[in-house]
Amino acid sequence: MWTQKEVTIAPRPRGFHLVTREILKQVPEVHSFRIGLMHVFIKHTSASLTINENADPTVRSDFENFFNHLVPEDQAYYEHTLEGSDDLPAHFKSSILGNAVSVAITNGELNLGTWQGIYLCEHRNLGGVRNLVVTIHGEVWEK
Amino acid sequence: MWTQKEVTIAPRPRGFHLVTREILKQVPEVHSFRIGLMHVFIKHTSASLTINENADPTVRSDFENFFNHLVPEDQAYYEHTLEGSDDLPAHFKSSILGNAVSVAITNGELNLGTWQGIYLCEHRNLGGVRNLVVTIHGEVWEK
Amino acid sequence: MWTQKEVTIAPRPRGFHLVTREILKQVPEVHSFRIGLMHVFIKHTSASLTINENADPTVRSDFENFFNHLVPEDQAYYEHTLEGSDDLPAHFKSSILGNAVSVAITNGELNLGTWQGIYLCEHRNLGGVRNLVVTIHGEVWEK
């Protein structure tokens, strides 16, 4: 059994944002699967998806600060600079963090750890709406 | 055909550890699949999974040293510091390295390269037992 | 419905290379799937796969330069050095960038964003031919 949907994530400021609920709200089909996988793919190269700590908001602000140190803007050797100081670092960050997450579905729910949530990592200053492809496959409950 | 199991990995010291055999021992079902994928997901935000060189142990100790340089502890700008010096860097490392791996199954075996193995990346000083969700799907052998 | 193939990528110089077409040419089966996922796995630990910007070639040369800064060669503390200065950094880069990508299939085509392409990230000076396992599963068109 397969379900696939293109969903959007409302614009967020640059930084790391918990979006588990915003995604799940748009794919209630998850609850129909007894066992399976949910694949979430972001159709952009300057924003990314990862899974990390879902509780303390300072973890997310620390992520933003750390990745700005790890991937500095405006290095002299950068060539792809016409789209702004935040563009090329956004490409690097999105490949470091990844453009997709896959999560197991168990008894109609995402089988995440207690402290895990899905992050939208917005690397642009003005990223706008972000488009995701959510693909779910697995076995549905027997009727 | 789907198989899904929660398995545990025995506690390891901080560092990078080959766990391919420890995982496979717990999911002998892999051998029933002629073709498919095995998805392994770690339900934690301070340990991660990756695939890398399975032979020389100094590769794994070099990984530990390199990622400690890449993601330093105790930076002045870190805010999420109450859980210890190793906690916030563990979160960063787990998103850089990733919380899941997917490997093709071919003729009942993981289709890894000769030099590839699955690493548990333990980023905490005392991480304890780690919980994984292993989801296998594919086509089983015809009887 | 499952399709699995081992395919090769022609040798590339060290750097980041768009290989979407070279992969798709070898798996025309993609077009048979109405809905599904394509999983591409690289069977090496010194080259990797990621998805990023498919237009401006300076993005790819900037990737090469940036990751050489992020993961320097010849650090005094490296122990695994017998295979050359480019070997250990290649292992680190391959775990940072990842050894697999998964892309949704929608109506017989990869459902990538407009600006997305699959990169082969060749981290060795002389990497040679690279072997991939492509696993496609999904629902085929009704006849």
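Labels for the chains are A, B and C, by order of writing; each one numbers its residues from 1.
As a working rule, a contact is a pair of C-beta atoms (placed from the backbone, for glycine too) under 8 Å apart; a residue touches a chain by one contact, two chains touch by 3 or more.
Predicted model, so just to flag it, every value in this text is computed and none were measured.
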Topology of the chain contact graph, where touching chains are joined (line, ring, star, complete, other): complete
Copies chain C and chain A - interface residue numbers shared by over half, same or different: different
Gap in Å, rounded to a whole number, between the CA centres of chain C and chain A: 20
Residues of chain B touching at least two other chains: 70, 96, 98, 102, 137
For the chain A and chain C complex, residues of the former touching the latter: 2, 4, 6, 39, 41-45, 70-71, 75, 77-80, 88, 91-92, 94-96, 98-100, 102, 131, 133, 135, 137
List of chain A residues in touch with chain B within their complex: 35-37, 50-53, 56, 58-59, 61-63, 65-66, 69-70, 96-98, 101-104, 106, 111-116, 119, 137-139
